[in-house]
């Protein structure tokens, strides 16, 4: 051990600043996780507050909503992961096929733009399309088609589709950049060799590009699986305009906890919720990582 | 002689109690504990010898006041002027620490959690007063009030103050303004005049029906009733018919004299009002997006005729000013005073205060000293305002509400009835407030503080359930015959019965001690 | 080696054989796809811009429209009314973004690179150490206590630079994957056989070969810094230190807060005095502007430029 340390001294020095930062920013506050098991009292502080065991976790499981919010959170995230992966890969691969540099740049910039708009603004944009009174869809599209207007904000059944679309719209540009960068990192020699062998573009795409960016795809997916119990608060709260009647299909763990605790600001219960989300994600990602190790040791996370 | 003796005893008891409190919060630092308890007892002895708070005998101390608001340009100037004045009065200086509304909850929670030292802080029953009391954020005030807060008790009266007791102790002093809530509607005055509508004829919801239909018929571009922004037809009943006993899960019916906690959805009025609302909604008297609108939309644009609103004297003048066109108000119920309305906005002392006596003296001045409160509210005379009469002020020449270098929200602090009025306000405003308070019916549960801690899991679930159903039902967007039973069933599933039982138990205990 | 790098020529322009490989029909279809996708992304943004230039009353009465009854500069006039504050906040944001992104890229790549080295024995352990931070956190309160009670960064510029934004486990792991994916171990070995130390290898060989990923992560970090308002919300009391996004966000947050606390009849007054519809959109436009201008800088490095062969010369 000491010998390898000496041998890799420079590498250790390289990682040091980063590790120190993670220690301070992430590991040090983790001692605070004990709040999740305490009845936090301001005047007693973190350490003197009394222990309450798993009491702070109960509110997540004791209700009928527990099933709904868990199902919603999981299903949405699974769909987001798959749908966004497919779309982002497609965008990246197709962008790579465009031979006119400037068009490629323009397309790529424009597709990233939605990422720059915050969800609170997105919420109002969606509203301007779907509103009953003056929404574009109702007053123009459905009218032209001769269909009756739909009160979108009263019908929970439409929202899974709306949210998947909005989410893809906002994030595709972002994820496709990562894949585009991965494609840009591929050694050109591979393509030259393939051309000599007479492979067409489609073949090159499936036989060279995709296999070579597979490690990036795996890592991105694994990282997202780890956060599968976390929901994007802005998407579910602001894009739905916090409309109550839509809750059966739009209430997720994060919005449930937010609503439940906004008045009391109970620190113990909110840490408990966070810890629960992390632990489940952790177990899931460990299992998936084990699976990846089995088939593709090189590309496992660790 | 005996009175003086009594005083000494109570002062000593008080000094003792504060040193316990101080020791309790600073237990990781023995030295500072000793120091601050010494400090704490010192003003007490001064009081004893002088019989009055002699400023020169008090140690200098800086009071930090934390309140919501945007920091105005001339904040430091006003702070300096206030400090000079306070030094004269109680040998203290002041630090004004405004925090944006948008970050108020996060920042104050973090300030409490990190045991930051400050003295006076704004709170309200809707800003976590009860949960913060439970978490030990505030100092109990009973002793401090009797020692240094005589004027506060004098101005507010025992009934109001004891309405804020939690487990026998007061933790906040409310602003002296309206203490009751009333409900009714605001109407676009131009339309009221145009059709000669006699608002005095509108005394209940049914009376509104023909008026709304007439507007719909005669004014095609106008929405007769605007709903949104949490102002629904049914809010009238929700806010006016019940004492929500804190969180509104398990309520008292205002019309009944018994202390029986009930499920509000079981009261016939709830169904009735939802039916009216739904009828109006179906007949197109109400905007269709009622349950999701988050602003004043059509009403503010002058494209709607009426909107439901919590009212107090002069609300219509206030809103006319804000919207830029005249509206008139019509109150449909008698004002109602509950624990929640009394705690509309308060000042509390932080447990981390290094000198609670001085902080209380400052609070006392906010209720008794006209100069100080007006300085805090309006800034420096002849710079931020000029006096027109003893009670009336205006902006100096060339300055208006937008360009003035200092502003604050007068309703947040102390004795609002001591504050100046602007020319566009009703000169009789404070009398109207007093009358409003006197007219108000007091809930038989006024002063009951609900502690939701034993059933907090159920409450967490109930919040989500009522979010799902309530807006839709009371706005009339859905058929109440279908949705109220569903709502009731979901509330039961979320544990409403358990919450009601717990609330009943606490209420009975409270009634016994009352 | 530096000289060699500069002498590298970009890829030869697309040759005729390449174009023929991809049929014209395919090219047209691809362009159609992107034109549609771009329309979907641009049109809402145009709506944001138009609303920001609309008259508040016409929005309240008719909703958002591409063709408002009346145009108005009121929203911008309101925002620029306090232009000194706005310019100051711009300055803070630009400073924090530039300094933060550069520092972040340096320490992120320094950590990611050893993790990608197959001959570094502790790489999996460290990768786990990094990964753990993506999933678990101590929550807001302990995190705040660490930074305020231990490091006293409240009301300093460090509060905008350091907490959370400086490094993300997510980006470290992505970068590690890129390093191990696009830089063959053999090159590093041969460089070291030639006598280059670890540092020299890293700065002269690894980084230049990794411009696409550096540009990607750099872009994300820039966006992270630029869009951040949370650190200002939590750590900054001094109005002179708040970032642009927080200056904007706090108005919106205040509206939201007051809306969810409307039981108090007084807050209604505060609410109605706040400009809402058009200002909200004007803020979005003001906030997006600089990023859109900075974007081409990153984009330059996102496309294929260097090849391993070229660097090796």
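Going by the order they are written in, the chains are A, B and C; count residues from 1 in each one.
The working rule: a residue touches a chain if its C-beta (ideal position, glycine included) is under 8 Å from a C-beta of that chain, and two chains touch if they have at least 3 such contacts.
Values in this document were obtained by computation on a predicted structure and should not be read as measured data.
The chain with its CA mean position farthest from that of chain A is B.
Contact count check for B-C and A-C (C-beta pairs in contact): higher for A-C. Chain B and chain C have Cα centroids lying 41 Å from one another. Measuring from the averaged C-alpha position of chain A to that of chain C gives a distance of 16 Å.
Residue positions of chain C touching 2 or more other chains, listed in rising order: 141, 145, 252, 256.
In chain B, 105, 109, 113, 126, 294 are the positions where the chain touches two or more neighbouring chains simultaneously.
Among all residues of chain A, those that touch two or more other chains are 40, 46, 131, 133, 262, 267.
On the chain C side of its complex with chain B, the touching residues are 57, 60-61, 81, 140-141, 144-145, 148-149, 233-234, 237, 239, 249-259, 261-266, 268-273, 276-277.
Of all residues in chain B, only 24-25, 27-28, 105, 109, 112-113, 115, 126, 128, 131-132, 135-137, 247, 287-289, 291-292, 294, 351, 452, 456-461, 463-465, 467-472, 477-478, 490, 493-495 touch chain A in the complex they form. Taken in their complex, chain C has these residues touching chain A: 11, 14, 17-19, 21-22, 26-27, 30-31, 33-34, 37-38, 40-42, 44-45, 47-48, 62-65, 107-108, 110-111, 113-115, 117, 120-121, 124-139, 141-143, 145-146, 150-151, 162-164, 166-167, 169-170, 172-174, 177-178, 180-182, 197-199, 202, 210, 212-213, 215-216, 219-220, 223, 227, 252, 256, 260, 280-281, 284, 287-288, 291-292, 295-296, 299, 302-305, 307-309. Listing the residues of chain A that touch chain B in their complex gives 40-46, 48, 58-59, 62-65, 127, 131-133, 151, 153-154, 241-245, 247-248, 251, 256, 259-267, 269.
Interface residues of chain B facing chain C in the complex, by the touch rule stated above, are 71, 97, 99-107, 109-110, 113-114, 124, 126-127, 181, 229-231, 294-298, 300-303, 309-312, 315, 318-319, 322-323, 340, 344-345, 402, 409, 411.
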